[in-house]
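Same chain, two partners: chain A is paired with chain B first, then with chain C.
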Partner chain A sequence: MGSITFIEHDGAEHAVEIETGKSLMQIAMDNGVPGIDADCGGEAACGTCHVIVDGNWISATGKAGDEELQMLDMTPDRAPTSRLACQIIATDAMDGLVARLPEFQM
Partner chain B sequence: MNFVNLVAEKGAAFIPVPMQIKAAHFVYKAKTRLGIYKEFPEFVEAPIPDVSTLAIEDIDVSNPFLYRQDRWESYFKRLRDECPVHYQKNSAFGPFWSVTRYDDILFVDKNHKLFSSEPFIVIGQAPDELAVEMFIAMDPPKHDIQRAAVQGAVAPKNLKEMEGLIRERTRDVLDKLPLNRPFNWVEEVSIELTSRMLATLLDFPYENRRKLVYWSDLAGGGTESTGGLNDSDELFRGMVDMSRHFSRLWYDKKARAAAGEEAGFDLITLLQSNDETKDLINRPLEFLGNLALLIVGGNDTTRNSMTGGVFALNRFPDEFTKLKNDPSLITNMVSEIIRWQTPLAHMRRVATQDVELNGQTIKKGDKVVMWYASGNRDERAIDQPEKFIIDRKNARNHLSFGFGVHRCMGNRLAELQLRILWEELLARFDRIEVIGDPEYVQSNFVRGYSKMIVKLTAKPSEA
Partner chain C sequence: MTRTCIVIGASHAAAQLTTSLRQEGWEGNILVIGDEPHLPYHRPPLSKAFLSGEKTAESLPIRPAAFYQKNDIQFRQGRVTAINRDQQTLTLVGGDGEKDGKSEQLSYDKLALCTGARVRKVELPGSDLNGIHYLRNMADAESITASVVDGRHAVIVGGGYIGLETAASLSQLGMRVTLLDRGPRLLGRVTASEVSEFYHRVHTEGGVRIHTNIAVSGFSGNGRVQKVICADGAEFPADLVVVGVGVLPNTELAEAAGLNVDNGIMVDEHCRTSDQNIVAAGDCANQFNSVYGCRIRLESVPNATEQARVAAASICAQNRTSEFLPWFWSDQYDLKLQIAGLSRGYDQLVIRGDRRTGRSFAAFYFREGRLIAADCVNRPQEFVLSKRIIAQNLAVQPDRFADESVPIRELLLADSPALASAGG
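Right, the complex of A and B next:
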């Protein structure tokens, strides 16, 4: 069993167990990680599960798709490795991944 | 570009905006007199029949009295259950599709390439001469550019700076309210607080703030656009006045900036400091449209949620007890208020190609209306949707802000204003009692209250 670490804007870390096949948004919500709202429930339609994937982990998660980019473009905190957590499906290859949360969700 | 358009565009840069609106009004009146335009008939209120007595094709949810007569829930429930994607071919606003279930609404809202937001996002239309352009009724990429220019004003970071100011103003309004004596909550609290907020956002002269409310009510309340009370002449006159004030504000801000005044975080300043929008005033229909959008967006919506929350807690008194016992529920309750009220009933799209949706074929060019008010009562997506439950699980998953690229830009500001209002109300009042029935706005778009009488009882002193 691997784990993923979400780091809040204030530095608080939340290491959670990977559940393969679930989205990172769902895993964060199930584990009560604060800082993710998930208003649309996982449809890439609200932009409130924005995370910034740390360093080279973007190769494991892949880059944002077109639909996702459209929502991310509206976020002022957008970074080059920004993703919507609902669009990243967890795999065992993500063991050790770090995802940073922006100060605010839009 | 043909010669006439070229001249018109050049001219637009030199003729003041209010004059242009006046000229447009003149053309409009002439065309109406010549019979080129048909006058849009006034709506006359008649009792709305029980939905079970109607054939499905006769159901017309564009009736602007549906909410006032408390028929909207049964009408939409029948559509959701029997004909979730429904065609009404004879409405006063022309033929239109109604999309009534949560999942289908999400589909339409997300797929902006299949469903265009142009030229209008309400069920009806504005007179041609007043076809102002606003980014809510534009598709990407133009939409994205204009939205990005103003988004910063209501972005969470800016709001953090504004929280203290909003709280101070809320306290000021609440401290002046009468105790143990009935008064009109809509006028004294909801309208007053939202007009103060709008004046702050626009850096608009504070003493004239009620003008913002008037213009916004005009822009959102046209007979031809939403079944409201305002006729086109009134609309034109209001828009001339609005364009005069906003033009003055624009040039005044520009002069102050040129004189070295520190830039504020108001919307006009943001527009002027963005390359894409710094010359917006030279595009009068866009200039007016986007400012109208910003005041409409922050007016009816928050105002009616401020009233709706009080009304909901009176209809569900156990929830008020729950709230008093645990004020930490306020944040969740705010989302539940916004769902329960759904201050804007719908958004309209136009199909850009033939689309299959829930068994129906929507043809290219057809008008498609997403009824958020119905989706927020969809039993398939929301447990006991007719109930107001302040600690509802997943309360944030409502449709009131819309989804996709047009998702409400001011959502965080709205939540902040409502949260502060409830924190300050709970600190002061033991009872917030609604007396009699509220009065409702005539509209198929705004689900609003024109009057609601409330009596307040102070909290017993702690000593």
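Right, the complex of A and C next:
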């Protein structure tokens, strides 16, 4: 067991428990983290679960895949470590991970 | 005294509205009444990944039971038969622990109508035979799944999104699929003919036999459907029929309670109905859309969740509004269609990419030189770009959109450099 921290654009922090095998989007939804809209339910169709993975944690999550990159490419607030939370599957190695939320989901 | 908010309809809108109520600081009771034995679940996969077997029922709930428990959000199964606005009560039938036919009165301080829509049913000879299905809820999808037999005949009535998604899923499951549409082309009400032609081609390539301009006049079979009969005399063998001919908003409860109803429950920009204690959100609601400058009723998950947020704020006495840009998506085969905006009233269509032989293109709809909508097939960048252009009403040059040598980003950059660079 471990935790992941989502930080909203205004600085509000939400530390939530890791559930191995679930997507970060679902974990955020299960814990009612505001700022993750996840309209499409995890199909990488809507781009409303954009997170910016903090610092070196991108090595734990891996980089965005092709389709995901295309979704992110035109998104405002795009950063080098941007990911769609629905495409990151939680592992124990993510204990301590910090994911920042953009001001607006697209 | 503790105040109570009751939500009617355990829908996408309800899942968001109840969550937003707690986030907005509502400390009173929250009770959701739904007519299915499920917590709110994702409906779009029912005709897509759930039907094709890629997703299971366990993956469908929007949030788990633990979330609602932790946030003290209660659920009851039953049917609301009446709202008494003067008394601020409603009549619940078939609630937990109640015997059939027995009803009880529940009091509310605030009421949210998230009653959604129901399928439009066909009334034709034989339309009550076994084996004729509609697709709206989990039970519908489960009964269709249980009827799938490799190599048998499935007939889909209706060439809209539900019909096409179902055709793709059943074809992928090995059924011999025939799709019948009474109009001259698929998706006739919602897309340009160029997009219809594309979907006609890919479904034909996927093994679906498509017949347009054909009216179903009835069904025949011995207890169970065996044939679909058409007005022109044509007959199609059918072991399974799925009818997808649109939905009707569930507005009867609101209407009987004297709320303003006109193609949906009329709400203001704060999702309030004509009663200050009652809000409405989702497929059942009709609201002025600031992007398009007219009233619309949308059948869409993103719209339901957006209106739910606004409605929750209203319940908590905060006046939030939304400049919501309608958008939709549809999965068929390996094709992800993402639709930004509403194309109704366009006067120019520009295609980017090869729709005739390829599987990736975008159709941009313009009106008086402004982008109003885009159908993007396996083109997520064009989709995101279109959402931005439409939402911000940016000036663009339509002809450039057809030129694939112009990078997508430059469609924005060249025409409005300030906004493009500011937007990142």
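The criterion applied here is as follows: the second predicted complex is superposed on the first by the 106 of 106 C-alpha atoms of A that agree within 3 Å, B and C clash if a C-alpha of one lies under 4 Å from a C-alpha of the other, contacts with A are read in each partner's own complex, and residues count from 1 in each chain.
Operating definition for what follows: contacts are C-beta pairs under 8 Å (C-beta built on N, C-alpha and C of every residue); 3 or more make two chains touch, one makes a residue touch a chain.
These numbers were taken from a predicted model, which means no experiment stands behind them.
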>> Looking at the superposed three-chain arrangement on chain A, would you call chain B and chain C a clash or a fit?
In response: clash
> Who does A:G41 touch here: chain B (first), chain C (second), both, or neither?
Replying inline: both
>> Quick check for you: in the superposed arrangement, does A:I58 touch first (chain B), second (chain C), both or neither?
In response: neither
> If you stack the two complexes on chain A, which partner ends up touching A:E103: first (chain B), second (chain C), both, or neither?
Replying inline: first
>> Between chain B and chain C, whom does A:Q70 touch in the aligned arrangement: first, second, both, or neither?
In response: both
>> Once chain A of both complexes is superposed, is A:A93 in touch with chain B (first), chain C (second), both, or neither?
In response: neither
> Both chain B and chain C touch chain A; at which residues?
Replying inline: 37, 39-41, 43, 45-48, 67, 70-71, 73-74, 76, 106
>> Under the definition above, what is the set of chain A residues touching chain C in their complex?
In response: 29-32, 34, 37, 39-41, 43, 45-48, 67, 70-71, 73-78, 106
> Mind pulling up the chain A residues that touch chain B in the complex?
Replying inline: 37-41, 43-48, 67, 70-71, 73-74, 76, 103-106
> Which bits of chain C are touching chain A when the two form their complex?
Replying inline: 19, 22-23, 42, 44-45, 49, 62-64, 66-67, 71, 301-302, 305, 327, 329, 331, 336, 338, 380-381, 383-385, 387-388, 408-409, 423-424
> Tell me, which parts of chain B touch chain A in their complex?
Replying inline: 106, 109-110, 140, 144, 147-148, 151-152, 155-157, 394, 396-397, 401, 403-405, 407, 411-412
